[in-house]
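Chain IDs A, B, C and D follow the sequence of writing; residue 1 opens each chain.
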């Protein structure tokens, strides 16, 4: 089971703070996005943005990174702090 | 009459805070230095340093600048504030 | 050599932070600080307030990583990074970065570097309250471009 | 847009100066400050104190000119430059530079520029009290080289 978190504009667009996802071995961040869109067709547009960033276990990662059961994966728009 | 001020290490080397100098027309800062050394031969070494900076009426100037009666001319070592 | 990172709703006092950076520290001649506040205008829009969302499990980690990157590039000693979250009003403090060093060039560079990377890597998001409604702020390409120059 | 320049024996409080820079100023999101203090080591020598001589008729003029040069290069708003003179002890404040701007890049650049030119143009001279006697500090070539890069 993978814990997926959403933040800021993306969280509002999806209407969700977090979801749990059952994944198979060797699933990448990109494939997680595809799987989420399959389960929630209305998420297609917000999750397809090239701008969506991913952090795996609180570290920024590229979308070809492999995730594992028990990981915390977060998706969010470009950051705007400071 | 030209008022000449000395600061910091140079002031200590010359043992003078200021002197008055009678100048002719079209005298440059460089010529003021020469005139000072003529009047005070012991000032030769400290005033001959390439490092001596000059300010004419509180503005940094190069040594070919022409001075006038009534001006305030200051000589000092490179600055070390901050 | 120590790093203090704080992410919370609490306000900060820049003067107190500078005093802490200088306390028991006679080796460092230079302290450079950056203070960021909620300002009135953002891209021509009248701003009345700001909500700062963040990713609590990641923000302090991210800021510490940025400080570590700065330490790898410059000789700096004490570093403090404070970032507020939650509801903020016009003029309120948002962020404070303070860096001490024996040399001013290193302190200036490290403080600006930390701010530049905070802007593109630390998981904070601003939602502005404007006279025309609430809007999530868009990231600026100029921030990406600036950070890359280091 | 205003400039405050002060040259005196009196100490300053960096926090108070930051508060003044921010007072009635909701346009500027960024405040960058530099605080310089008497430090223990200078080129390997143990420093116990410092005497700061200056050219009273010229110092404030010189600092104002440097600030004007910064204003010509960057979009900055409030600027404060404070430089102390006279006898100072280890850890005492020497100099404070504070700059506000709508954008952090301009505030960082202007503050560092002002410090860099203050170091090579403003008529201050430091005489250090070291464990081995009193010595006038020599100007550093690195300061000349740094200022020229702007």
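Everything below uses one rule, namely that a residue touches a chain if its C-beta (ideal position, glycine included) is under 8 Å from a C-beta of that chain, and two chains touch if they have at least 3 such contacts.
Bear in mind that the values here come from a model prediction, so they are computed numbers and not experimental data.
Chains that touch both chain A and chain C are absent from this assembly.
Looking at contacts between chains, the pair that accounts for the most C-beta pairs is C-D. On a Cα centroid basis, the chain most remote from chain D in this structure is A. Per-chain CA centroids place chain C at a distance of 23 Å from chain D. Centre-to-centre, using mean CA coordinates, chain A is 72 Å away from chain B.
Annotation: 48 Å between the Cα-based centres of chain A and chain D. Annotation for chain D: residues 36, 104, 115 touch two or more other chains. Contacts with at least two other chains are made by residues 82 of chain B.
Contact topology of the protein chains: linear, an open path with no closing contact.
Remark: the chains found to touch one another pair up as A-C, B-D, C-D. Across the interface of their complex, chain C is touched by residues 13-16, 18-19, 22, 26-41, 90-91, 102, 104-105, 107-108, 111-112, 115, 146 of chain D.
By the touch criterion given at the top, residues 5, 7-9, 12, 51, 55, 58-60, 72, 74, 76-82 of chain A touch chain C in their complex. Residues of chain D touching chain B in their complex: 36, 52-55, 57-58, 61-62, 83, 94-95, 115, 118-127, 136-139.
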